[in-house]
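Structures are listed in the sections that come next.
Presented sequentially are two complexes of chain A, the first with chain B as partner and the second with chain C.
Let's turn to the complex of A and B:
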């Protein structure tokens, strides 16, 4: 059987934003929900090629691969080249749990001088640079949806959410972006 | 010309910039920056509304948010009609239409004013006493009539076309109020580098400097200094200055809600702008600089149009350039009103007299009055006023004397003193304390990290206010971690330091029961009403408030509370602090529903979750039903079919050929780790050790109390990896339930849980031809019964993409559930859909799914169970591991009540008349002729027309149901009694041979 199945992305066709903040869907990526105890961190870091962060609200990146701290034993690994993360984690040989969630999540980029205000239309966290610097990440809320937020640049964020929440999240981001310039 | 009462050279508005608006259909000119109130006053219009209860003519009392009388309707277009807008706050924009309220047929002739003549019958507590009997009349006559008469404005009928926005913000120091105190504190705090937000409810900062033009700061005019300071602050990267922004709610941990009015003052707003924006600010420290509100004097007929606060008259003159009268009287207990007289006199207005109820006014103001040639009557009171739609005269008498002197006036300015605005402090749960010297309640014990400064803290001296503010700004910034690098210094001067003030009824309020000396204008509460409340036995200020409705109008008693309290204290013979103050509650001023809702409307009211295949199902004509936040395809009607026909066809097709169904919403949890089976042993009643990789099992999950909590099929993918499914509605709570137990009860297990619900699109293919349908698409999996028996799972490929293929059935037919990564769902659905078409099958929805499973007696947790059903009650004892030493609920199952006989058990019901379909929820009895109340044996949990059975089928919870098989029971309905036979729950294929195709 040939590859008949084409992908339908949850946010295909979506574009939003304003002069102060653009909101655009991210390209597909591979994602791994990684769970492990502290003694496995070094081996998993080596196997994945990115140092798993151990401090709350921090992430680590290596090229197009990102490791986001979500909890004391929980990381979200994102690879923008869609590399096989599950196999890479297994190659560590240490005790862990890896679950492929590449299709569970989808992501949006919010960029521009109004990016912070756009996120703050629905996210109650303090997103100022001093408190939420580049590389900071957090599993948090955006309006009535759960998101994982990561600051990729001073004026840019990556917003991960479950796919069925993406119309809501993108819609609220679009309204927030519109308001962020005023 | 923007009004005959506009004084050339006075005020701060620009004469060249005008706007036209209408009030009750009449057109007026205004200046840009005018409020509706200032523009009307400029045009000599004092009569702006009718009072709530007595329909008395009323005029503008204030120049701010405390306004009780001048409530108007503001209209932009048919859908944009806002009732109860304070004319003293609403800025005029070109083309605006405004209307007066609570009058018929017109403002100057209002038939409702008959209530004023009938007022002896409408004493305080009137409603409570009059409408007590007959009891029935309340619901059918009194309440509807009162509701029709109640309220001032009229709500718009159309949907609100405006949009509203919301923003969360954090800061080190939040300043509430942009008067001289707030600005000074902001300067000091901002200089340290702390993040500062300053909000002020007015269009321009400056607070009291709107009316007091004698202030200078560092040699600059106070109002000018305020604007420059705000502009300088706004330029700093660590400061946000928000005008037209009211802090309306102060919540826990310095969480303060602000509403910013963005477009209400603009003639043709940019439609991209929100009408209002809600700010939810989390501040490390809050500085409250909300100033004070001037109280009116309480005396007979003190509510005629033209009678207003003295400081309001100063604002209209000094800020808006409007003289509120040509011959004004002043009635005061406080020095501040003298300055209104001075300002007006200097502007060319005649001041008839200053009537001061004190024997000894402040010496400085007295001297100034004399030098300006203004008559001052000390130790005198205004005991009555005259005039119909506007005040025309005041009756003045020496205190204690009955000899009256009538003085003609066209405006009367009063001041009983100033009430510190402790609203925000009180909302922060701080305790106020009574200060006898100033006769006011001041911030006492703080409950949160905030500080009150300036007039709201009882500080009245200007330079002292500034020193206090600068110190507070520095202190609060330091408390947030920012050190001052240098001192901010400001020197300010003003004309007079005020003395005096009183609260409660003045001489002219009368001792008798008929004088209308108003304390609460909006709710028409008079001094006599408070006394009546005390006579009727109300001793608590909270009771007095509710009996008289004092302070319960939309202005929440900003003018009236202290007066009411003082009169109550006098009547009770107790001190003011002993009687106590009523509680201040949010919102400080009314907030629109639009702002509170902000983005949560329409599509964004709540997330609407759609499966990956939603668009394809929609294209096929599916009708969707809401299941929690999910939209699920309910049935797929074809041309000419109603729901019943469509569902019957779908049910028949699945049993005859094949059907396909979107099962993506089922909860999925990936359970991974060496102790995965051990964990599932504890969470489920079943045993999982014996389940081989590649096989699946139906599992039951209990709560600690032994009742069924959820169910689902669990597949073992590997020794250390399980694919757990849950009900659609249970997905989130089951995940939480499992995580809760894992973290608190079983932390020793090496196992982790991950929600995978949305990773997979799930397509169920069910029916005799199910295998034929998927066979051409599947790679790497032997689909034969032998290699892939019922209750198995395999990993392979379908349409070239990875799949977890389950052999399982919720219909009783041979079935597969195709799991593919969600993005591939639509393409795989299309491919399967084409094969189903070839096989003569169809897509089916949740309604057919429910019927098909009921035909097989498969339960739905939450429909056939309700949290009081044990596995045995549901005939699921087979799924409870008898040899298991432990699982969640094992002890609950042994409770006496759960093992007693006579419990309700799940059984099937067949109506004697096969065409009758029972109602779900209907009660079941043994003898329909027994006396009421009848003994209920149970109720119907599921009931359908089964096309495949050619009759109705039902499931029910019935006392000792399994012992009643074959018996006849009855379902009494309002119009008839339905006879039913108790049956087994499986209505089709009792042997289960169809599962194997």
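Let's turn to the complex of A and C:
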């Protein structure tokens, strides 16, 4: 009998949050670390089906697929249906660098009226709606871990972190959520 | 918290997202194999460590990942200017007259 590998999610069984902010692990998604020069952006956007944003701290979404601006030539592409992003990027036919990081990252959702306060327990950025509107995204720090933060709604954030940091990030988010109502 | 303006992200971010990367505008010799040991030492190891204005490379490592240059005052830690990598060294003396910096030695201490 074949012993088949069973997929174990890094945050399986995690639960945390408070009355003012919930913290929950996101479902598995496919992710692509994409780097390209400006002249390849249009072809890659067409191939991936989502317009790669070119302004700092912005993202673009098309259905379950999101493109997050990380740097002047760097994007994080997330597909929540686990579609094959690497093949899609290759089909663009233009010069780019793509790395599948689906299993390097994991994600958490922080939702509720205390979501901003929860994240600001470890993140130094100004997360007020005027400066960090819905759709804004940024690579930043949360405590001692690097995260990629994306605002999905006025009171909801997606927090991407490396899977080895996920116990630390989820634990600190749970602590922040406990304090966010005060 | 010290805020640093990233010329690529076009906004001020916390110092926690940045990492210093040594002096800026150090040109690598084009004839590196031909220069003497003393010249290599001068290029590779010797830095000025001035009191006052210094031009440094910084990296927004936990942000956009880009290297950029900054003019910083080593006494007050104030960032006077940041600019994209590859741009020429700006002439700060022409735009900002040197203001006296209130150092501990000048205001508090008698140990001259």
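We adopt the following convention: the second predicted complex is superposed on the first by the 179 of 182 C-alpha atoms of A that agree within 3 Å, B and C clash if a C-alpha of one lies under 4 Å from a C-alpha of the other, contacts with A are read in each partner's own complex, and residues count from 1 in each chain.
Just so it is clear, a residue touches a chain if its C-beta (ideal position, glycine included) is under 8 Å from a C-beta of that chain, and two chains touch if they have at least 3 such contacts.
The model shown is predicted, which means the values in this text are computed figures rather than measured ones.
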Should A:71 be classified as contacting the first partner (chain B), the second (chain C), both, or neither? second
Mind telling me which of the two, chain B or chain C, contacts the most residues of chain A? B
According to the stated criteria, A:162 is in contact with first (chain B), second (chain C), both, or neither; which is it? first
Does chain B (first) or chain C (second) touch A:141, or do both, or does neither? second
Name the contact category of A:124: first (chain B only), second (chain C only), both, or neither. both
Between chain B (first) and chain C (second), which does A:56 come into contact with in this model arrangement: first, second, both, or neither? second
With the two structures laid over each other on chain A, which partner does A:98 touch: chain B (first), chain C (second), both, or neither? first
According to the stated criteria, A:39 is in contact with first (chain B), second (chain C), both, or neither; which is it? neither
Residues of chain A that sit at the chain B interface in one complex and at the chain C interface in the other, please. 124-125
Okay, in this complex, where on chain C does chain A touch? 1, 8-11, 13-14, 16-17, 62-66
Per the contact definition, I'd like the list of chain A residues that touch chain C in the complex. 56-57, 70-72, 74, 124-125, 138-141, 146
Quick check on the complex: what are the chain B residues that touch chain A? 163, 165-170, 195, 262, 272-274, 277, 280, 282, 599-600, 603-604, 606-612, 629-630, 670, 672-674, 750-752, 754-760, 777-779, 797-801, 820-828, 831
Write out the stretch or stretches of chain A touching chain B in their complex. 1-10, 18, 28, 33, 35, 73, 95, 97-105, 117, 120-126, 128, 131, 143-145, 162-165, 167-168, 171-172, 175-176, 178-179, 182
